[in-house]
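Step one of this worksheet: look at the structure below.
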Amino acid sequence: MNTRSTHEPIIQMRDIEKHFGSVIALAGVSVDVFPGECHCLLGDNGAGKSTFIKTMSGVHKPTHGEIVFEGKPMHFDDPRDAISAGIATVYQDLAMIPLMSVARNFFMGNEPIKRIAGIPFYDKDHADRVTMDEMREMGINLRGPDQAVGTLSGGERQTVAIARAVHFGAKVLILDEPTSALGVRQTSNVLATIDKVRKQNIAVVFITHNVRHALAVGDRFTVLNRGKTLGTAQRGQITPDELQDLMAGGQELAELEGSLGGTV
Amino acid sequence: MNTRSTHEPIIQMRDIEKHFGSVIALAGVSVDVFPGECHCLLGDNGAGKSTFIKTMSGVHKPTHGEIVFEGKPMHFDDPRDAISAGIATVYQDLAMIPLMSVARNFFMGNEPIKRIAGIPFYDKDHADRVTMDEMREMGINLRGPDQAVGTLSGGERQTVAIARAVHFGAKVLILDEPTSALGVRQTSNVLATIDKVRKQNIAVVFITHNVRHALAVGDRFTVLNRGKTLGTAQRGQITPDELQDLMAGGQELAELEGSLGGTV
Amino acid sequence: MSETAQVTDLSDERIKEMSALRRALIRPELGGMVGTVAVFTFFLLFAYDSGMFNAQGVLNWSIVSAQFMIIAVGACLLMIAGEFDLSVGSMIGFAGMMIAIFSVTLGWPTWLAIILSFAMCITIGAINGFIVIRTGLPSFIVTLASLFILRGFTIYFPQTIERKTIIGGIRDVAEGDWLAPIFGGKIGQPVFQWLGDVGVIDTFERGTRQGQPVVDGIPMLIVWAIVLVIFGHVLLTKTRFGNWIFAAGGDAQAARYVGVPVNRVKILMFMFTAFCATVFATCQVMEFGSAGADRGLLKEFEAIIAVVIGGALLTGGYGSVIGAALGALIFGVVQQGLFFAGVESSLFRVFLGVILLFAVILNTYIRRMITGER
Amino acid sequence: MSETAQVTDLSDERIKEMSALRRALIRPELGGMVGTVAVFTFFLLFAYDSGMFNAQGVLNWSIVSAQFMIIAVGACLLMIAGEFDLSVGSMIGFAGMMIAIFSVTLGWPTWLAIILSFAMCITIGAINGFIVIRTGLPSFIVTLASLFILRGFTIYFPQTIERKTIIGGIRDVAEGDWLAPIFGGKIGQPVFQWLGDVGVIDTFERGTRQGQPVVDGIPMLIVWAIVLVIFGHVLLTKTRFGNWIFAAGGDAQAARYVGVPVNRVKILMFMFTAFCATVFATCQVMEFGSAGADRGLLKEFEAIIAVVIGGALLTGGYGSVIGAALGALIFGVVQQGLFFAGVESSLFRVFLGVILLFAVILNTYIRRMITGER
Amino acid sequence: EGERYVLVSHAPDSDSWWNTIKNGIALAGEHVNVEVEYRNPPTGDIADMARIIEQAAASAPDGIITTLADFDVLKGPISDAVDQGIDVIIMNTGTPEQAREVGALMYVGQPEYDAGLAAGRRAKDEGVTKFLCVNHAIQQPTVGERCRGYADGLGIDLGDAMMDSGTDPAEIKNKVLAYLSANPDVDGILTLGPVSADPTIAALKENGMAGDIHFGTFDLGAEIVQAIKDGIINWGIDQQPFLQAYLPVVVLANYDRYGVLPGNNINSGPGFVTADGLEKVEQFAGEYR
């Protein structure tokens, strides 16, 4: 798998800084992401993971630093730009609109168009058909394409969101803590999906708190801490415990391990 | 630790059923909780964990079944009843009110009273002092008791919520997925807190998806599946893998392990 | 994979299946439909021979309903997009007054006056939207402010310029204008003449128009209402932009993240609402020939009520233009029908309140069934 | 543990420290205070010698502000509890009319009429609250329905019973009643007589009351306003119940889970709002001796505006009674001050809209600084 | 026997002056044994009123009695009704000429502007030089005409003398107080009906100008009558709404039954009610006066 890293990186984040008023959320972070690899972004709460990927996907403009996409410097003014460049993102909670149907959610922002008398209409038949197919492929059997997303479980929603991103030909798929609210079965489902996506030569950026989830699918691991990167490690170059230590900062964990039996 | 289980259970849930309209969320679940033990409730999304603990804490009335608290059958009409009986609950997301100050949140529903001319006033000094002390004890250094909860991080909020429950002399402390959104450091914090609380002979009911978190602090483990219990295991009687299997249902996981390297 | 699929299947088994009939019935418009049927049944029983259902009577409540529909379409789309506009009523007064001032006081051609008023009002709508978007304030507050500001100017301008709060004579200056008939004219006169001749419709018995049918055409107001309802319905359900409207109201942040231009959608909807209000005002001014400072009072509430009776969710993300149109129809029929039925007019408000309450309760129930909301 | 504490300390280092002065200044009422200062500065500059700031002038705008304050206190607490009430205006009309019907038409003692009206209105408030709680509908819709229903009855009752919509003569029947002066009387007459005698206050120079001071007492209306503001402020900030009000509005579900009786809090706040509206109505009826069906029109908006100018959050969970009182003061001073300053009176609405807009923007900024909201 | 007449007014629901009208038609209906109905636009929107006239015409009554609050707006619907064979009488607002133009049988009422003009002329004779007109219905164009007429009668410019007072009595009272204190040279007040007159009386009592300042008002009510008696109000202009309601019904009934019709319009006002001979007025103020 590591052979992929020898390719040209699809996206390079160079020395990204992001300030919110007086809060310094990112203090110079550089990360390269390669096609076909799953790049895990780890770090504690407030480390700046979400902020980092939001600059990557055009939600935030970096205060300082450069984004190079497929070799060319890019300036994303809003998420649409990033999406049309091929960067799809599944956000922490805000993936779906509960009151809307699955099909409409699936195609939200990328609605298929059918021209009747030159007027562009929403192609409902196509949208419904594609949605049903894609969902079945992901293992979700909908009652119908008109079923509201509000009736799906959390894992099902994450799966829909990932399926959507892949379907629209993303070259980079960013997932912000897709597994944090999920049960074992649904987590496996999401991890398996990531694995599948990666094999289609798509770059995956996977944010998680869970070292084991990261190790299950990750090719490379970047740990963020308080707005700075602690470096990137290749798969196989790092043990779970080292990664855990890197995320938490050593001593403290040792202290806890004593009383809790080392199984955190 | 297991010796504690020989005591009388502080709360017995007997054959609890709960229906929401046509949805059967719980189909007869029985669980005993003993003082001073950490009872872990595990299960997949939608298994009914939240519903189960909500019947325990008076939010839902069971459709069928009995709750025996300290040997006497109880009927909780609303959360106030359960709280005054000594059952404190920290809910999945809804622990705190962001716009209110930490001190007011801490004492919400249990405001200290100071009588001036017979009129009961909110004792702000006392509330502020206690809050600052308790927070310092938990390792959270507030800017002041008037700091809004909205400015705290997720882990800090969970900690405040737990501290609050313990402070008000809960006999049973219920935690619904307190660690799911937390980073390693904050997770350790919460687990350490659970450990501390348990040692004060308080019964802790700890809901989680994460087998490792459960094993770190749990004394007994109950797995829910599709509204039914799959039985309760003592600490030491079950390995992590068995527990994982129990939660997910065996075959499927095996299938995934092949491709993902067994680290889920 | 089949394994997982099976699991999800099981998951559905925990929920009772819905019959096909029930599923076909349960649509956002259901509440509006039920209400419409109920209202018509009621008045057919209690006001059948009062003239409510002769040609003239039908035209009467149709016009009133059409008026409500015009503003309800705008309010509905805006509400689905997650905002609402309390300044609709003031905008109606303002637009009419501007047309009057431009065309009568300043003596400009009517078409220019109309176009300028449209431009001004749509701009004001855009400003409303822009302030809402930029400050993040609730639209309730922002448009409440414009309610007062616009009404203030609507009284101030004519009073300073003309020393009265009503400006008449617009019909005279609009004589021969090419744009005015699109708002104030009628269509279908030959058909109605024929209907009158064969006796289906009563004819005038005396005066200059003796022999002509009492209803001599369909006012453009009704045409505008129908056109706007169809446009709104198609836009909402059949286009990409319609999907964006739902998305913007359902969860603006989520929509923004997948690339929906939420700000643009919301501002456009504010502009469309202003457009609808201006259509209303222009039709009124062209039909009646005068603009008054009190025009449009409380129309913002009437629009919101019609939309809510029609099944839209006040907080956005859910609703239907057809439903809103039915809500407007119910509103208009009840308002005029009570007159036909001879009910004391002050009780109209009581009826309105009660209908509103029942309609939203029914709609909430229907919506929960559709969306599986809890 | 010390380790963890240090970590949190570090976390705070990522945020700039606030100076003590700045922290002391930043309170929910700040916007209201700034506004009050601005408004008074403005009028001191432009209307100083118009009589706005002599005894009579001060009383003048104080009474108007006091009226707004009475309803603003209720609206403020209700808004903080997460709901709002559009039926306040109709409730004012209804309460006054009930007092008139009971005391004049039915001839019951005035105290009984007042008490009965209070009981009825508070019950209606409770019903509003109950419907909101039970159906989960937005209070906007529910109270919009009661706005119409109450206004309808306020017109219908007197019209059917008395054949008129203004019922007068209440002052005569209230003569000698023990309860009426608590709403319609004045206090402090001796003090003002003395102030007049020593020349601090002007005395009448002509007419029937020559020699009496131009201001001869403080109307009970102002006393009620002050009492209600103090009561509301103490209740909100100094009692357990006040904490529950914040909690209910901040996040009803979270509050419910920790045992706050959210439903009771909300219903009580609806009842308190109704109480305030009835106080307003009773004072008005007792002062003017008549009840009209159009009383209280648009007062619901004015209450909401005062509260919002005062810094409360429309969506609940945040606000201050002192702020609302300042908002009412600003509202009253601007309204009256424009007359003193000789500004065309129809421009008042324009000013109101502009002030509202600026006030909320300022308040939003202040709130973000206080709560660290993003 | 049993003819049906509909009276359509332009007043919002709560306008108390129209109670006299309602009572007037009700009494006339009893007297001549016809069915009478009263209709009005709930918010006073004249465009809505046009719809109500159309609605009334659709219900095919024997006659319609209506105001001409805005000639432009109402011309169409009224002449349609006339052409349809419904007899129409114009009451209250409008002018005899306009009534003729829409084809009405006759006009019963008091043209607003003319009434204001008469009031202004009389006030001028009584020494008014600068005035305040308290308008509680600024958004309703018709009543404002009274202020314009009054100003023209006085021969001075209306300027900012017309006050947008709103309908809240305390606000009206205090606005009047504020205006008078900011403009001490005002020596005449005109109020446009009980809604603005009652609080203005209270205001004048409070600032001691009661009886001192010239005070005229339109329309009567219990408080106004009392104030005329007390010498606070110089005169009230009584347009005798009772007649405006009662007479058209009687005229229509007799026209329908016997084909008789008065040869002229009836000016029910302006009549100036002063302190002399107030008992009847006092007894029935607000109900039949």
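Labels for the chains are A, B, C, D and E, by order of writing; each one numbers its residues from 1.
Throughout what follows, a contact is a pair of C-beta atoms (placed from the backbone, for glycine too) under 8 Å apart; a residue touches a chain by one contact, two chains touch by 3 or more.
By chain, UniProt protein names: A, B = Sugar ABC transporter ATP-binding protein; C, D = Xylose transport system permease protein XylH.
It should be emphasised that the depicted structure is a prediction, and the values quoted were computed from it without experimental measurement.
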Contacts common to chain A and chain D (chain labels): B, C
Those chains which touch chain C and also touch chain B: A, D
Cα superposition angle of chain C on its copy chain D, in degrees to the nearest 5: 180
Distance between the centres, which are taken as Cα means, of chain B and chain A, whole angstrom: 30
Inter-chain centre distance, chain A versus chain E - centres from mean C-alpha coordinates, in Å: 72
Distance between chain centroids, defined by C-alpha means - chain A, chain C (Å): 43
Residues of chain C touching at least two other chains: 3-4, 7, 11, 155, 159, 346, 348-349
Chain A, residues touching no fewer than two other chains: 46, 153, 185, 252
Residues of chain E whose C-beta touches two or more other chains: 13, 138, 164
Contact set on chain D toward chain B in their complex: 1, 3-5, 7-9, 11-12, 237-240, 242-244, 246-247, 250-251, 253-261, 313, 317-318, 370-373
Residue ranges of chain D in contact with chain E within the complex: 47, 50-52, 54, 56-57, 60-61, 63-64, 67, 93, 151, 154-155, 159, 163-166, 168-169, 204-210, 212, 214, 221, 284, 287-290, 292-297, 299, 335-336, 339-342, 344-346, 348
Chain D-facing residues of chain E, complex: 12-16, 19-20, 22-23, 26, 138, 160, 163-165, 167-171, 173-175, 177-179, 181-184, 194-195, 198-199, 202, 207-212, 221-223, 286-287
Chain C partner contacts - residues on chain A that touch it in the complex: 57, 59, 78-80, 83-84, 89, 91, 94-100, 104, 107-111, 113, 120-122, 124, 136-137, 139-141, 143, 147-148, 150-151, 153, 156, 164, 185, 189
Contacting residues of chain B [partner chain A, same complex]: 43-47, 153-155, 177, 180-188, 191-192, 195, 209-213, 215-217, 240, 244, 247-249, 252-253, 256, 259-261, 263-264
